[in-house]
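Quick one: this structure, given as structure tokens, is what I'll be asking you about.
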Amino acid sequence: MVPTNYYVVLSAILFGLGVFAFVFKRNIITIFMSIELMLNAVNLAFVAFSQALGKLDGQVFVLFVIVVAAAEAAVGLGIIILIARNRQTLNVERVDLLKF
Amino acid sequence: MTPPLAVFFALAALAVIGAVSLILQKHPIHSALSLIVVMVAIAGLYLLMGAEFVAAVQIIVYGGAIMVLFVMVIMLLNAGVEEHTSLSKMAGAPGLLLVVALVGFVAATVARSAESVQGSPQMGALSPTSGISNMIFRDFVYPFELTSFLILVAILGATMLAQREKN
Amino acid sequence: MLSGGHLLSVVIFFPAVGALALLLLHGDDHKYIRIIALIVSVAEFLFSLLMLKGVPAGTAGYQLEEFAKWIHQPPINYHLGVDGISMFLVILTTFLTSISVLASWKNVEHRVKGFFVALLLLEVGVVGVFLSLDLFLFFLFWEVMLIPMALLIGIWGHERRVYAAVKFVLYTMAGSILMLVGIVWLYNATGTFDLPKIQETLAAGLLADQPRAEMLLFLAFFVAFAIKVPLFPLHTWLPDAHVEAPTAGSVMLAGVLLKMGTYGMIRFCLPLFPDASHRAARWVAVLAIIGIIYGALVAMVQPNLKKLVAYSSVSHLGFVVLGIFAFQNISMQGAVYQMLAHGISTGALFLLVGMLHDRRHTFEISEFGGLATPMPKLAAFFLFVALSSLGLPMLNGFVGEYLILLGTYQRHWGWASWAALGVILSACYLLWSYQRVFFGEITKEKNRALPDASTREKWILATMAVVTLWMGIGSVFITRRTAAATQTVIEQVEPQRPYEAAIPSGAAPWAANGAANTATAISAKSSELGK
Amino acid sequence: MNSAIPNAADFYRVLPELIWCVFGLLAMFMQAFVRSRHFFTALAFVGTLAGTAASWAAFHNAGSGFYGLVRSDAFSFFFHLLVGAVAVLVVLVAAGYLDRERLPPAEFYALLLFATAGMGVLASAQELLTAFIGLEMSSISSYILAGYRRDSLKSSESAMKYFLLGSFATAFFLYGIALVYGSTGTTVLERMAGADPGSTLLKLGLAMILIGLGFKVAAAPFQVWTPDVYEGAPTPVTALFSAGPKAAAFALLLRIFATVPAATHFWFWAFWVLAALTMFVGNLGAIVQTNIKRLLAYSSIAHAGYILVAFAAVTSMAQGGSAEAAPAYAAVLFYLLSYALMKVGAFTIVSQLGGAGEKNVSLDDYAGLSERQPVVAAMLSIYLLSLLGLPITAGFFGKFYIFKAAVNSHLLWLAVLMAINSIIGSYYYLRVIVVMYMREPSAEVAANGPVRFPLTVNLVVAITAIGTILFGVMPNPVINFILRPNLLGH
Amino acid sequence: MPTYPMLEYLWIIPLLPLLGSAVNGIFGAKWPNKIVNWVAIGSTGLSFLGALEAVREFFESGQALVHKEFFTWIAAGNFRAGFDLQMDQLTVVMVLVVTGVGWLIHIYATGYMAHEGGYYRFFSYLNLFMFFMLILVLAANYALLFVGWEGVGLSSYLLIGFYFLRKSAADAGKKAFIVNRIGDFGFMLGMFLLFRTFHTLDFVTLFNTVAKLNWQPEAWGQFGTFTVAGLLLFMGACGKSAQLPLYVWLPDAMEGPTPVSALIHAATMVTAGVYVVTRSHILFTHSETALVVVGTVGCATAFFAATIGLAQTDIKKVLAYSTVSQLGYMFLACGVGAFGAGIFHLMTHAFFKALLFLAAGSVIHAIGGEQDMRKMGGLGKKIKYTYSTMLIATLAIAGAPLFAGFFSKDAILYAAYVREGGMHPLYFVGLFTALLTSFYMFRLIFLTFHGKPRYDEKKVHVHESPWNMLGPLVVLAVLSIFGGWFALPAFFDKPDIFAEFLKPVFGGAEAAGEAAAHPSELVFAIIAVATALLGFLTAFWLYLRQPGKAESIAKSLGGLYTTVLNKYYVDEIYAALVVKPLLWVSTNVLWKTVDVAGIDGAVNGIAEGATAIGDGLRHTQSGNTRSYAVWVVIGAIVIIAVIFFWPSAGKPVLGMVR
């Protein structure tokens, strides 16, 4: 039997890597992927907890999260396309018209 | 060590490696692929925890639908190797330190305190899947309905944003 | 507690009605706008005179009170009341407003409507400040008054008007926002905003055991008022505001707005926080004295006539603050009187300076010189006003200053002596500037053909002159009515500690117990002096 | 978990959301058949209004519904009215705007309605996941609305930034939920009441939730996105952002306090620090702005800071829902109301004066406005003075109640900091007024004459202005309502 | 109809000139000089008659002190200053002098000013002066007295600056007012102290309190109420009566028209100081210190001014310094407790000094505005009346026997000598001053009227003045001869009417001075006459016998002479030590540094600081999403840090005060 906190720590690490990726990647798409990574980490935590607590709702949450993620993905990619069309770049650092 | 533990470590290692490679890869398509690896690994962990329904959804929706969407977009915009700019002063060494600090602390805290979490470790009478469906359609019917609108919003938005100007 | 109709509400809000009437007028028939503004302001003045009936001389406490619940939670009430002090300040306000309207008859040419609307709204705010007995209401009027004044300065002012306007508002806000914190704190302590109630609660010794809290509260109020007065070193907004403001603005500013600060001290600082006042008195007095001398000296060397008058206000208001914080009935009376006198004489000075500006469009003294030849009448009025401002007996300025110094001397001979230097200096700067402006040969060709006072101006100035003279001779008419009020304040502030203790060390031995008030005390002292 | 199926009352309790969503759907589908802009405007107007009105129904069926996922009470009623009213006003503003900018109306209104629905959910959610869904509904719609002017670089950029950072923060929020769930075994707020405050996991979870919501309410140092997004987004949308989502997020925070004592334990100092930081960042940042939209954005950061002061006051009262905290709650609610009024009003005028493509949004374009359009200038001044916190405006009472709450719970120094900030604030609000009244316009500014205001916009301006003054003179009704003891249904 | 109408309505006396002033001031501009004359002379004349009538009634009513309260002027707390007039023997003297001499000078002025512009203005001011002066002498309390006190200061300001086109005139006026203010500073403080101690400023009550409650006099060096109050009042007196160190304004005041110099700066106003000191004699008699200071200052001034007088060449300046010197005599008298003598000298001095000025004016008038004696000479034959009257006045001031000055000055010197307590130095200095006095006066006479003309006889044709100018001269001449006979010294063994008359006022105070009618007084008289004669002879020798000798002596004196000629450079010293530094400090330190740079700088600095910070902040807003992400991370860290590590975070916080 695998102790719960193994899972939770793993999720924490993955979440952290997601944050890391978000900060250090430059390609908008990749950045967006890192968000997905973070969400996955969260899901892992949910399932781990639900298993530990012996409650199912944790898993239900995961489903909801996945749906939300999908929605976000759709919109996000839409926005990315828009940016790519307007700016001819996917480098987030080139998109800084609004500042100060 | 016990077999499940071994499996766990294997999958965990796989997930972490995937995540790291997502960061290290220069080309978005490679990042996407490594993300898929992560997701598969996580799906494996779900199975290990006996949440097979979730695992399935993970594979289908995430690994399938969403990541395909990503790949498609990458192709569509034929995004090349990410150029190496560092215009942001914050996201350099200081950012690194901060992020590490944050991650380190969170991980540590969780590690220390997570074993406190336990309840009655039996999954109840009915099998997870039917239980889940019960919950979704009774206890969580309201958010469930809301998600449907959420999807609508997404569709609306995607079309709205991605469509070319009429005039 | 409700007695006698709604006179005060009328006095407060009548100008607002007038302002509305003006707003309905068409923007560019200036003639009617001016006339209506004049009618309104004069009518307002007459209304305010009605208060004289309502406030019989010698009766302490608030008269003509009005009370209505306004906001339930926290309990904020529409509570008005008037006593001898506030009554005359209100009358001064309404009087000066009428004068200002007349004074701006010609020299306001663009956005005439807005100008008079602002002027009337300003009147509303100021009168409200003087009449509210609810801290919250008071604060409300206190803030509301800012905007019209700022607009007066900022729109119809001179070159650096914007800077001056913003500076004015920021300075005042800086003070008042802290006052708001103080007010809220008081509310938390006492559970009410009603001045008399708070007064009772505090008098019952609510803060007796926490001097620090009392001092902080005192400061929260005092700083706000000190900025308004303005007390050295918080005065630097004043020269700019005065110089840049249009004539009417300066008149209202000097004549009335500064008084709001001193009024606040009398009405809030002393009665609510007597102990803190006593502890602070020494430092306040020092600041006031510095202000007196400093203001006079700086005024003396100003090349700009209007700035000179502005700094003279700093000096004069120093006297008022000193008189207030001497905690003597006499000096308090003097302070109140000085407020009114200063309102009239400095107001008149600004009017005259404004008239010069109308003719020459400059305030630089060096631009004038020998003006007595082309405009003898104006020169005569100017001299008259200057004399009243430098405190010539039989003119209004003297009574206030004399009483203040006399009273202060009873408290502390050193303060009075230093302050009295201001009497010398005021003569210096006023006469010197007067000489440079009016005496001697004409130096600038432009000045040779300047017109003398027009009929309108003559009437304005004559009115001021008459009031000046009347206040100089018939001062009792006013002091009789303010006596009770000031006495109340003194009683509220004094019982905290016996008189003796209130004399800081440094009082001369030969004046140790000068306040003892009976012949026996005198004879007792005679023997002591004999040794 | 009871096994009864949802009854009618449950649906009454979420009626506003339902109506908003349904009308959203209508708008979506109608776009295929109807071209007329007016139709959609009318549709959206009716929809928002109906939904807002429906919150009466929800209020009359007070109580928790859907197995305790949502609760309808005075509190949720207040927020439904608030976000609903904002939506109505935004619809009116947008009508003219979309027309001017040649933007498709249907999607806009649909998204607006969905966003409003999402906020409604947030306001009445009793369970974290539901709240999360609501949050996402409003957020995702907001992302799209921000980028609604597709062809404009700024608009699309603001959409991107809002989206990326927004979902970043959402991830934190979600992680927080996960941890809380882990430590308490539930996501239903009421069931957390008994949670052991000592649990580290709970601490961390609540911290994460605070991070997520802190981002939504633009508390420093999460405020970074605000100016950019506000500037880039279409101005009516900006108006919505500044009022709606913020209010909803604050609503959720208050809910959490009211029901989870542990939160109040952990969050007090966090709020103290956030409040101080936010006030200063907002005000100091605003001083140097020359673009009016940006300036207002910073000012809204500052105001978030003021509200956080009230939150600190709430938390410093040991038990969230207890009696002595009531005034603090009232302060927050009243402030949000007044703030929504003036911000919407101000942005309305800004959007109208902006002209085609929002060209004229720099301060210089406002020089001499009082000469060109005296009424508009006067109205804008009213909002600004209210933001500045001058008496006889709603803004003053809002600030006053917050002062009161702060002093009441001995947060004297926070009150003083707030005082200092309102002085700094008064400086830049005055600057705008000064520009409008006291500066001569440059030649080309003077050249483009008065902008005409369509009826709908005038209506909005009138409503907001009157509201600003009215609640400044007669706050009694509102105050009495939000000071009711059973505000949060306990 | 009350028995003594004039005493009942005492206010009429001052009011009349006020009316005259007002009428002339308001309407005079349009009127011809004639009407202005009538108003001016009429009003003053009537008030002179009123005064006479009042005095008659005063005697008739048995010389009981008259005290009338007309209305309350200022009242606050236990302080009351009423418009109260009183009349006692001292007042009688002053009122008669003021109205009488004043009236004469008015008449004289109608001639003198006939050709000046601003005629109405002049008389309006002059009447105003009369009003305030009368208030001053009639006032029944210090506050009201102060009204007159400041008022005369004002009128002298106006009259000195009458030729306001001349900068020197305007300056002189300003100087006079400000220097007086410096004195008033002391005067006010004196009043405050008195009120603090006695709770009244009313003469009668105050002095009675002192007398009845038998306050002990203060010994030398004891600074009790009496000493301090006395000295403070005396400070005021110094300002008004041009004593050291505040005398500087009087010589400059000669910028005013000559009648003004005669009325204000010789006869009446400048003696106000003496009046105040005598009026409050009881304070001084209670304080040895105060008396000594008064006496010494007076004596010193007398000598100091006389020395300056020696070298002056401007005829009016000479007279001015002689006035200062004579005032010194009066204070000397007060200092030695001979208040009666002081008043007596005040009166006689009013006569002959007014006469001197008027005559001088007549001379100036005759010679066409020239004031420099070096450009005169030999006028004696051309303007006989002026000459003779002026000669009489000179004899009087020099103290020639049987002339007014002889008696008064003699009385003072005698009192100074017999006063016990080492006052002898004062006597000798006084005596020497008498010598100087007669010298410079005769120098004036000789330079002006004798010798050969030093002016251009073709241009200037000298003419005697009209009768409306000569009339007053004659009257005053008569007074300067017989005016002294009111107070015959003891050796005439006739009653000293004047002293007797004033006794009710000064009571015991006089005892010291006048008490023993001592035969030796004759000796002193002779000595005095001898010194006067010596002075006369010296002048005679220097300026008639050997013209030019004076210059050579002056040269031989060298530096000393120039110093004296330049009035010991006192004005320059004041300018260098007081005025210039004050202006410099005010401009550069107070205004430019403290105000503009300091306070305003700080305020604006704060504003700029805030802006700078704001500017810094907005640059963290780099527009780069990645750095924004870092900010979010920072925020996360902050919150977590606070929640986990903040002291006292997480504990129940009810009732914690922050």
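Going by the order they are written in, the chains are A, B, C, D and E; count residues from 1 in each one.
We take it that a contact is a pair of C-beta atoms (placed from the backbone, for glycine too) under 8 Å apart; a residue touches a chain by one contact, two chains touch by 3 or more.
All values reported here derive from a predicted model rather than from experimental measurement.
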item: Where chain B and chain C overlap in contact partners, by chain label; value: D, E
item: Nearest-to-centre chain - CA centroid comparison; value: C
item: Pair exhibiting more inter-chain C-beta contacts, D-E or B-D; value: D-E
item: Relative to chain B, chain with the most remote C-alpha centre; value: E
item: Intercentroid distance (Cα basis), chain E paired with chain B, Å; value: 102
item: Chain C and chain D, separation of their C-alpha mean positions in angstrom; value: 45
item: Centre-of-Cα separation between chain D and chain A, whole angstrom; value: 26
item: Distance from the mean Cα position of chain C to that of chain A, given in whole angstrom; value: 67
item: For chain A, residues contacting two or more additional chains; value: 8, 11, 15, 18-19, 22-24, 26, 31-32, 48-49, 52-53, 55, 57, 64, 68, 71-72, 75, 78-80, 82, 92-93, 95-99
item: Shared interface positions of chain D, touching two or more other chains; value: 129, 133, 136, 140, 143-144, 147, 150-151, 159-161, 164, 168, 179, 182, 185, 204, 227-228, 412, 427
item: Multi-partner residues of chain B (each touching 2 or more other chains); value: 87-88, 91, 95, 99, 102, 106, 110, 113-114, 117, 119, 139-140, 143, 147, 150, 153-154, 157, 160-161
item: Complete list of chain pairs which touch one another; value: A-B, A-D, A-E, B-D, B-E, C-D, C-E, D-E
item: Residue ranges of chain D in contact with chain E within the complex; value: 160-161, 164-165, 168-169, 172, 197, 203-204, 206-208, 210-211, 214-215, 219-222, 224-225, 227-228, 265-270, 272-274, 281, 284-289, 315-318, 410-414, 424, 427
item: Chain C-touching residues of chain E, taken from the complex the two chains share; value: 71-79, 143, 146-147, 150-151, 154, 157, 161, 164-165, 167, 170-171, 174, 177-178, 181-182, 184-185, 188-189, 191-193, 195-199, 209, 213-216, 218, 223-226, 228, 582-583, 585-587, 590-591, 594-595, 599-600, 603
item: Complex interface listing, chain C residues touching chain D; value: 71-74, 139-141, 143-144, 146-147, 150-151, 154-155, 161-162, 165-166, 169-170, 173-174, 177-178, 180-181, 184-185, 187-188
item: List of chain E residues in touch with chain D within their complex; value: 607, 610-611, 613-615, 617-618, 620-621, 623, 625, 627-629, 631-632, 634-636, 638-640, 642-644, 646, 648-658
item: Contact set on chain D toward chain A in their complex; value: 129, 132-133, 136, 140, 143-144, 147, 150-151, 153-154, 156-161, 163-164, 167-168, 171, 174-175, 177-179, 181-182, 185-187, 227-228, 231-232
